[in-house]
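Quick notes on the structure that follows.
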Amino acid sequence: MRKIKGLKLNKGMKVSDLVERMGGVGFGARSVSQASVILKKMKSDKDCKIFFGQAGAMVPAGMKGVILDMLDFTDVFVCTGATLTHDLIEALGFNHFFIDSKEGDFDDEDLNKKGLDRMYNVAMPNSVYGKLEDFFEENWEVLKWCKTIKEFLWKIGEICPGTAEDCILKKCYEKKIPLFCPALADSGIGLMIWGRKVAGEEIFIDAFEDMKEIIDISWTAKKRGIIYVGGGVPKNFIQQSLQFSKGAQYGIQITTDRAEPGGSSGASLKEGISWGKMESNADFVDVNCDATIALPLILAGAE
Amino acid sequence: MRKIKGLKLNKGMKVSDLVERMGGVGFGARSVSQASVILKKMKSDKDCKIFFGQAGAMVPAGMKGVILDMLDFTDVFVCTGATLTHDLIEALGFNHFFIDSKEGDFDDEDLNKKGLDRMYNVAMPNSVYGKLEDFFEENWEVLKWCKTIKEFLWKIGEICPGTAEDCILKKCYEKKIPLFCPALADSGIGLMIWGRKVAGEEIFIDAFEDMKEIIDISWTAKKRGIIYVGGGVPKNFIQQSLQFSKGAQYGIQITTDRAEPGGSSGASLKEGISWGKMESNADFVDVNCDATIALPLILAGAE
Amino acid sequence: MRKIKGLKLNKGMKVSDLVERMGGVGFGARSVSQASVILKKMKSDKDCKIFFGQAGAMVPAGMKGVILDMLDFTDVFVCTGATLTHDLIEALGFNHFFIDSKEGDFDDEDLNKKGLDRMYNVAMPNSVYGKLEDFFEENWEVLKWCKTIKEFLWKIGEICPGTAEDCILKKCYEKKIPLFCPALADSGIGLMIWGRKVAGEEIFIDAFEDMKEIIDISWTAKKRGIIYVGGGVPKNFIQQSLQFSKGAQYGIQITTDRAEPGGSSGASLKEGISWGKMESNADFVDVNCDATIALPLILAGAE
Amino acid sequence: MRKIKGLKLNKGMKVSDLVERMGGVGFGARSVSQASVILKKMKSDKDCKIFFGQAGAMVPAGMKGVILDMLDFTDVFVCTGATLTHDLIEALGFNHFFIDSKEGDFDDEDLNKKGLDRMYNVAMPNSVYGKLEDFFEENWEVLKWCKTIKEFLWKIGEICPGTAEDCILKKCYEKKIPLFCPALADSGIGLMIWGRKVAGEEIFIDAFEDMKEIIDISWTAKKRGIIYVGGGVPKNFIQQSLQFSKGAQYGIQITTDRAEPGGSSGASLKEGISWGKMESNADFVDVNCDATIALPLILAGAE
């Protein structure tokens, strides 16, 4: 048995040292440190394809830079339509804002009058929608030929403002990172497509075509590493692709959802062993923490 | 100010009486009782279109009967592909099973050997996939002409075994309840479509076409009532459709997800006021509880 | 393996029937039903001493009636000083009140001005303290001779207004239910004792004397059943007494606290097996639910 | 309104820089950064007395070093008996251990056979109890004269092995930090006192005497700062002492407990405003995070 080493802080300590020392502590700190070690292994294993699934309003919260860093070693990125909409909004010049409050008291009626759409303690100006419409109207001629969601998203990445240093869509396009978003209809970008259709434009994007590619990547990879932030469709879509492989060899999950009510987002990674989505001797850890806190630590710990 | 009345149990008490008395108690009990009152109002308001969004493995858990009861007054049903896959599986004759354990210790390696796919304390035999393949292969000629996800799902409901009393797909088809599932690709049914495509079959289902119908229903309704179980894409897809209306007048949300990490599933209904998805004077309540416990109480309380 | 039976509601259904049928459902519903079955076993097992530990503001929330019902079969009651203070306050004629709000927005500054002390969505008038002082001043001559916390609490129960039907302190005194409250100093009643001491009165209540009795009861019982609502010191104090027995044979825990951060309140009952506080083949269940919802169901299910 | 700045990581980044940058991010990261800023203010405010309340098995988890660092600026320390028992155990030469497992599957029966008492993923050898008994037996002559819990704990700190650098009890004694533990009966140290009493020894420790001192400190302080880790009696005991002051001017709370079920541990700091325990314009923040992750960050950020 290994002794608890305990954590001692030093002045001017580096994040990577803190995360390493967290490995000598129990409870949640240990899971953060383990995740960091597993991430380092994934990254340095040449045979491993890394699948990164991300849900939740990480971009409005200011975590875009961390996601962009993650994309440096991501082989397949699956996220919500919201993430990509927020990313595009920032590429088009908009900002997100803090809504400070004392412990959860937000005046949503007042925010509504001010044209601010709230996501917990963060807000987006509602005026983004007009600008988004302009973008899609102006670029419709090049977008309308896309036949799959991935093709459509890469095309946005090709034509939108911004650089691979500050735009997820741009980086995925330029680095040719397969980008999947099965529920794109459920987002601001989806609304823009609906808007064009209502305006009489035509577009035919197949709802199922992207499945081939993600399943092929999963199937042909020698090893698979999975990283889930927030669960949702991004997690489930990657999990599903693993069912046709021998399962993942590495896994990291960051969520505060509980397992007991039976939803996919809160399900432990271990559950995947029963499905064959996770190898029984895989190296994995569940981190029960807010991703805005845990993800920077894990990433910095694996630098 | 209203006094706390307190709760007193009687022998042989009816569920509806218990839920009513919970209205005299603080904390969570009160929210269950309030949800029940709001549900009663929604149901009896002729001008109100009820949007029911459901995520999480409710069917495997044995909550299909409760969902079927909910559909009696549901005008628009949005759910995950998993719910419909599990529903179809049961229509095809399969059962789900308990995996009893002492507090969360599940032997997933053993379950994997036995061919059982676990969802917390519930399992599905992995052999369902073969049977699902047979169903889709046999019925492909009638399914392949579908152009939207709703059309495809209604068609399954038309041709699958079972009755409106024991099958969600059948009931939605027979009662003509608009049934939306934006992320159908992310489910067993999605896999079957992929399987047919890989086998060389053709099908073109538009990823965005269903948006028109749900937005139109939301837009043209005099009033809107929302019921969310578990969040996810079903919640967000309904919320999105409300943005083009004057917002919902009634709302019930059941989830154990937290608001602080910023995900849509855990966001309070009140947040929707800032977006214009909820009217500022609407009648709504967040129920922080496992839906397998809270939903039967709320429904029985509104009988 | 047992099939999931599923839950079907009937009009006019009894609570006990609902709870029984919840046994045919997975996730949280199942745990409620299991707890009900275990409670029934505990109650009917003549050899079993039932230890009931209760933390959290159940009395202000209106759950006093349910706790009083529980005391009908409780052999040892351990609770927080707050529970007994609130119970005494109600015996002295005060009420608790609802503070309705939309999803957690409470105006605490306004409540402060109105003299209302908030406990989530419930409030107590701050004026209770004056009345409490009167009670302790008037009755000090009989209270000051008490030498243990239990003796002191029973004495309050003897002299306070109210009946065994509406007062926990009175019922414990009249039914001679051993009543332990190790952290009584941490409560309104504790403050009253401090107030008397500051006023120059003398009292000597030993902090450790009650330990003998609870450990003796645990030690001499043929079997032990434990029921924990909310964790805290009441849970831990009972758990500690079990360490000197062969452990509990029955167990029910109701809490929404998580296990991962390592606190006693969120620790699973199973953890007690390692300590010898729970028999390895005991009949126990953790219910992850708000106790104002779960406890009435469990109790009614065991009627 | 302030723009979200966003978080960008650098190689070799210092923890204090990360925590500062978290201030530019929403959701949980922001609360960690705010807590760090508030801690810095508390520490540098000469008029402020800092009350630190700590519950949960932080010492077994390896967080003793961080707690010792916190004591450098703590004016009043309130904790559970467990914390002090674990601290004494380590001073007597014992270690705590990791129990690694895949996601919560712990073999408690096996641990029991090996004589290991589990606290989530950490264990303590059961053999500590024998050694504790020896310590109390050997030192009873000097301990038995103590009349209050604080006096008793300081006395242990005086005579136990270890130094102020590695022992909480020793540091509190040497630095004369008032150390309160109202529920000491509910701990291993409490058991030792019970053991001595059962063995025929006499000791009279008053359960309420320490209240005077903590209330006096709170009452006479010009300003009050509160830091709560894990809630429980330590939080409530400090909160109670604030009721007789003008309330706290600074506040930090770290917990993953929810507010909705109405327990004190999960109650937001803001709730204290209604009670007058928190000034309405105080500087405070609730951090919803595992303390083993959040506390090192907050402390390092305030270095």
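Should a chain be cited, it is by its letter among A, B, C and D, assigned in written order, with residues numbered from 1 in that chain.
Note that a contact is a pair of C-beta atoms (placed from the backbone, for glycine too) under 8 Å apart; a residue touches a chain by one contact, two chains touch by 3 or more.
What you see is a predicted model; the values in this text were computed from it and never measured.
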Far-end chain from chain A, centres as C-alpha averages: C
Between A-D and B-D, the pair joined by more C-beta contacts: A-D
Centroid distance [mean C-alpha coordinates] between chain D and chain A, Å: 35
Rounded Å distance between chain C and chain D, as computed from the means of their C-alpha atoms: 24
Chain B-chain D separation of Cα centroids, rounded to whole Å: 43
Residues within chain A bordering two or more other chains: 26-28, 57, 60-61, 104-106, 119-123, 256, 258, 260-262, 270, 288, 290, 292
Residues of chain C that touch chain A when the two form their complex: 26-28, 31, 104-106, 258, 260-262, 288
List of chain A residues in touch with chain B within their complex: 55-58, 60-61, 82, 104, 106, 108-109, 111-112, 116-123, 126, 149, 182-187, 190-191, 193-194, 197-198, 203-212, 215, 230, 232-233, 236-237, 240, 243, 256-267, 270-276, 280, 290-292
Interfacial residue positions of chain A with respect to chain D in the complex: 1-9, 11-16, 18, 22, 24-30, 32, 57, 60-66, 69, 95-100, 102-105, 119-123, 256, 268-270, 284-286, 288-290, 292-294, 296-297, 299-300, 303
